[in-house]
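Same chain, two partners: subunit A is paired with subunit B first, then with subunit C.
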Partner chain A sequence: MPTATIHDAEVHVDAEGFMTEYDEWDKTLAHDLAAAIGVELTPRHWTAIDFLRKDYVDENETPTLRRVAAGTGISIKQLFELFPVKPAKKMAYIAGLPKPRGCV
Partner chain B sequence: MKRLVILGAGTAGTIVANRLRRRLSPGDWRVVVVDHDTTHLYQPGLLFVPFGAGNPDELVRPRRQSLAAGVEFVDGEIDRVDPAVHTVALADGRTIGYDFLVIASGTQPRPDQTPGMLGVEWRRSIHDFYTLDGATALRQALARFAGNGGRLVVHIVDMPIKCPVAPLEFAFLADAHLRALGVRDSVDITFVTPLSGAFTKPVAAARLAYLLDVREIKLETDFLVEHIDDETRELVSYDERRIPFDLLVTVPLNMGAQFVARSGLGDELNFVPVDRHTLRAKAYDDIYAIGDAADLPTSKAGSVAHFAAEVFVENFVRLARGEPMTAEFDGHANCFVETGEGKALLIDFNYETEPLPGEYPLPGVGPLRLLRPTRLNHWGKLAFSWLYWNVLLPGRPLPLPAAMTMAGKHRPEEE
Partner chain C sequence: MITVERSLPSIVPDFGDAKVTGRKLAIICSKGNLDMAYPGLILANAALGEGIETHLFFTFWGFDMILKSRMDHLRFTMLGNTATHLPQGLGGLPGMTAMATHQMKKQIAEVGVPGVPELLSQIVDSGGHLWACRMSADMMHIDESDLYEAVEDIISATDFIEKTDGAQLLFI
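On to the complex of A and B.
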């Protein structure tokens, strides 16, 4: 399993850079991860990220875009504005969660 | 006398009812099936209807005919489940008590969930093929379209959908159909998907993308539709891409039954969260969900319903004796993919293993080929209709193991 150094911390990541160890993440890292993909975190972003972190613990699965919208009240349209182009992947990346599983 | 109540008499509900009726003592158990629709539809047949193959009427049979003697059928609309008092309320006021409940109410296409889909263009230039009405209407629309030419767009609103390979099959068959009519040159075909590739899993996605490419079918990925502009006839995505169409064949958002939501048993798409190996609802020990109604991380497909039903039946027989469940469902799915010109490929996979090339069911022999279009695969798909009505639904044994096997499969780097 490859590792990456973010903000002086060595963390485990997959081939695409998604963190693979839930407990290695913290809020400082999130800012760095966000900056790496051109996102500046506002309180609205944190509402989504906090939901992803909590839902992952409950479901053991990175939530889908629709699930984040339903769980936070932030519309899919707004999620696209907060995390442009590929919101589901970007949210997972910043929240330190595995890449969302494409449904089969 | 204990009562097992099954909500929905589709593929999963019918197999479970028929198998358990044989396995549970008639003196100890009643098996009750509830459905609001008295006809059973052979859904794999819908794909061929728009291309004029077969008579749509031959795809339906009375539900009672598929249910074994001794299974009680209740014709009624389900209003809600009350898990606290173990009852199912029907819309007409009847109430059915249960000791165990199996939710097998499937998934439904919901064109109402995408703004603009059910507008003036619905069933004119916007069609679906997951319903008998839709597939039949599309037959006429496709014939008209072939006469005029233009832009054909095959589209998936969002995952998960029932039979996730069917939209690809539709695109392949449309290409072959329009070529046979000699009008392919006057038609553009685009496949539009919310996924990042032609399919979810890498090996199959690469092979299927190749099949699109050689057929000159354009692939538009990561496209999540926000609305349909029915004045300009365009799909509009959340990131403001627009895709114009003259004929749109869409797969609407799939959602579980409304009563699941009313009962507080569903997730954001009304699918029932279950343990992926036992199918037991996470929230209640006496409720199970099987087939498309469950939130399993595998395909929503008849083969999954069938394999899961076999595992569930073994477990339930133990449960009925007061013993622990020991069988575990592995997410096994097995799907024929029509590729046009009388050929099909086959994919076989589970929770852990993506679709791989090889032979099925016998290593080295087949006779069916995995991930490679052959004529025999196509005949396998057509022959399946007989097996479905006469072997699968009655719950007779099919000589295919419920668990997926790696025998006969090759990882591409090993070839």
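On to the complex of A and C.
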């Protein structure tokens, strides 16, 4: 299992770079992960990220785009604006979670 | 807003912007059965989530998916479908199609997938394009007022082929 160094912290990631250890993530890391993929985090972004973190604990699974929209009240259209092109994967990446595996 | 000193992670996923590669997907939806509506919609939704430009062309029975009066009432029948592994005769009994439809809708809802109108709306919100077939509309005497609002236009097969130049194509 590869690791990546962010600041001084060494975190566990999968082959693509998604973090694999829920507890190694913190909000400072999220800013770095976001910056790495060209996303500047605003409070609106945080609403989504916070939901992902919480829902992952509840469901033991990364929520899909549809679930994030339903759970946060942020429309699918807005999620595409906040996390352009591949919103579901980008949100999961910044939230330090695995890629969602649901279809819809 | 927290300001942090930036140090980028050493492994970053490739979120390669598909718009740059110009990948496009064209899906022709020609069936109006509940079970045949979903494959195109699920694939369109998945492609859009990957940033792929996606166009759906509704033709013949596929019109049921975009007709306001029918899109929420698609049905599933056991008849002619050996994959249910039930005697074909059963499928012809009164009420059987309604029962099979009810069961399938329940199973679809259980995996968190919405009904056809809602899934179409999600596709449009994700940037997908919906087109209706001119010949089918003329045959069935259908105009824009009968169609789901998000359908962009009624166009000919030639128009669709032009719009989807270079696209990968699925016929369902």
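Structural remarks
Definition applied: the second predicted complex is superposed on the first by the 101 of 104 C-alpha atoms of A that agree within 3 Å, B and C clash if a C-alpha of one lies under 4 Å from a C-alpha of the other, contacts with A are read in each partner's own complex, and residues count from 1 in each chain.
In the analysis below, a contact is a pair of C-beta atoms (placed from the backbone, for glycine too) under 8 Å apart; a residue touches a chain by one contact, two chains touch by 3 or more.
Not measured: the values here are computed from a predicted model.
Applying the stated contact rule after C-alpha superposition, one finds that A:R101 touches subunit B and leaves subunit C untouched. In the superposition on chain A, A:I76 makes contact with both subunit B and subunit C. Contacts of A:R66 after superposition on the shared chain: both subunit B and subunit C are touched. In the superposition on chain A, contact is made by A:K86 with both subunit B and subunit C.
Of the two partner chains placed by the overlay, only subunit C lies in contact with A:K27; subunit B stays clear of it.
When the shared chain is aligned, no partner comes close enough to touch A:D50: not subunit B, not subunit C. Of the two partner chains, subunit C is the only one that A:V13 touches; subunit B does not reach it.
Ranked by how many residues of subunit A each touches, subunit B and subunit C are led by C. Using the contact criterion defined above for the overlaid structures, shared-chain residue A:P2 touches subunit C, although it does not reach subunit B. Shared interface residues of subunit A, touching subunit B in one complex and subunit C in the other, are 65-67, 76-77, 80, 85-86, 102-104.
Contact residues of subunit A toward subunit B in the complex are 59, 61, 65-67, 69-71, 76-77, 80, 84-86, 101-104.
By the touch rule above, subunit A contacts subunit C in their complex via residues 2, 4-7, 11, 13, 16-18, 27-28, 31-33, 35-37, 41-43, 64-67, 75-77, 80, 85-90, 93, 102-104.
Per the touch definition, subunit B reaches subunit A in the complex via residues 158-160, 164, 195-196, 200-201, 222, 224, 226, 238-239, 267-269, 273, 297-299, 333, 349. Residue ranges of subunit C in contact with subunit A, taken from their complex: 1-2, 4-15, 17-19, 42, 45-46, 49-51, 111-114, 119, 122, 125-127.
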